[in-house]
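Since the structure comes first, as structure tokens, the remarks are kept for the end.
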Amino acid sequence: MLRARVIGSVWSSKRLPEIPNGAFLEVEVAPGNRLIAFDVLGTGIGELVLVSTGSVAAGWFTGQSPPIDALIIGSIDEPNTND
Amino acid sequence: MLRARVIGSVWSSKRLPEIPNGAFLEVEVAPGNRLIAFDVLGTGIGELVLVSTGSVAAGWFTGQSPPIDALIIGSIDEPNTND
Amino acid sequence: MLRARVIGSVWSSKRLPEIPNGAFLEVEVAPGNRLIAFDVLGTGIGELVLVSTGSVAAGWFTGQSPPIDALIIGSIDEPNTND
Amino acid sequence: MLRARVIGSVWSSKRLPEIPNGAFLEVEVAPGNRLIAFDVLGTGIGELVLVSTGSVAAGWFTGQSPPIDALIIGSIDEPNTND
Amino acid sequence: MLRARVIGSVWSSKRLPEIPNGAFLEVEVAPGNRLIAFDVLGTGIGELVLVSTGSVAAGWFTGQSPPIDALIIGSIDEPNTND
């Protein structure tokens, strides 16, 4: 998995109908290394996440696998710097 | 998914017969980082798109999966800079 | 496979329910080239390991494949520098 | 798909018996970025080609998939510079 | 496929039980670009080889696919520099 920070979201009105419900979030793995990951967890901007890529992302969905090649599988726990 | 800009198209007359109807579009992910993605959405030159790569691209097609490893799954909405 | 050194672990409380029992370990393949691999072998920090990536990682699990794209498949034997 | 130029071929006498008939061609994606792609189209040295990589390459073959992870799926039409 | 030179081998005593008989060989694709490939051909140190990566490596094995993501599929014939 990749450890990445969510830095934004993108919208796609014209798209393949097989794309499921969820959000396209832009994540940054390292400075200048970004990709778009699909999110079904309600992840917010700024969260640190784990991203699985490739066919295992599509395979997570039930039924016919959608053409999704990157999926946020969890948020990484971070120490609360306000404590 | 990769966020990429469509910068051209390529034609292939001599090719495997299993390649489906659609267009081969050249997209640029970052300066100098280009690939050829298959398009079934009628995407035009200059559009910003989402590209899925690997076996999930081939898996989108019905029936026998074609040897396609990159598929444009949608266009990214962009603010209309003319407004 | 990648040869990598385990350098830490991450926790994810908010995550997809399909993630199996095991640990998320951060491994370093080369300076600055890190990924998160799933571990079911009880691997410790500092161990040198073999990591398989992609769908073969998910395919190792029995039953429905989880959305895991990197798996530690073994520890690399190292000469005991204390001898 | 990758856009690449065929720059040579390689022979392998000692190899797995599951490798099908065809040629191993060396292709260059960018200066210094080369891979070996399998060819069933009779592609010649110097041709510009489309290469699919990963499991979709193996999946093109009928019957049991061979351990082939890069396949030339077509030649890119080039303007005839002699006209 | 990758063209790579075998530069060493690694041993793993603590490993997943699903790993089949064979050797883990370290191969170098380019200076500084190394990976561990599984070998069932009895390949020796110094040989130039073809390596297939990803799920096609695991798919070569009969029965349940092992968590192997890189397989030496053949040795590349080299001119005998002693002739």
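A, B, C, D and E label the chains in the order they appear, each numbered from 1.
To be clear about the criterion, a contact is a pair of C-beta atoms (placed from the backbone, for glycine too) under 8 Å apart; a residue touches a chain by one contact, two chains touch by 3 or more.
All of these numbers come straight from a predicted model, not from anything done at the bench.
Our note on geometry: chain B versus chain E, Cα centroid distance of 33 Å, whole angstroms. Note: centroid distance chain D to chain E, computed from Cα atoms, is 20 Å.
Residues of chain E found to touch two or more other chains are 54-55, 57. Viewed as a network of touching protein chains, the structure reduces to one closed ring of chains, two contacts apiece. All the chains close into one ring, and from chain A toward chain C their sequence is A, C, E, D, B. By the touch criterion stated above, chain D contacts chain B in their complex at residues 1-3, 30, 40-41, 50, 52-57, 59-60, 71, 73-77. Those residues of chain D whose C-beta lies close enough to touch chain E in the complex are 10-16, 18-19, 24, 26, 32, 34-38, 54-55, 57-58, 65-70.
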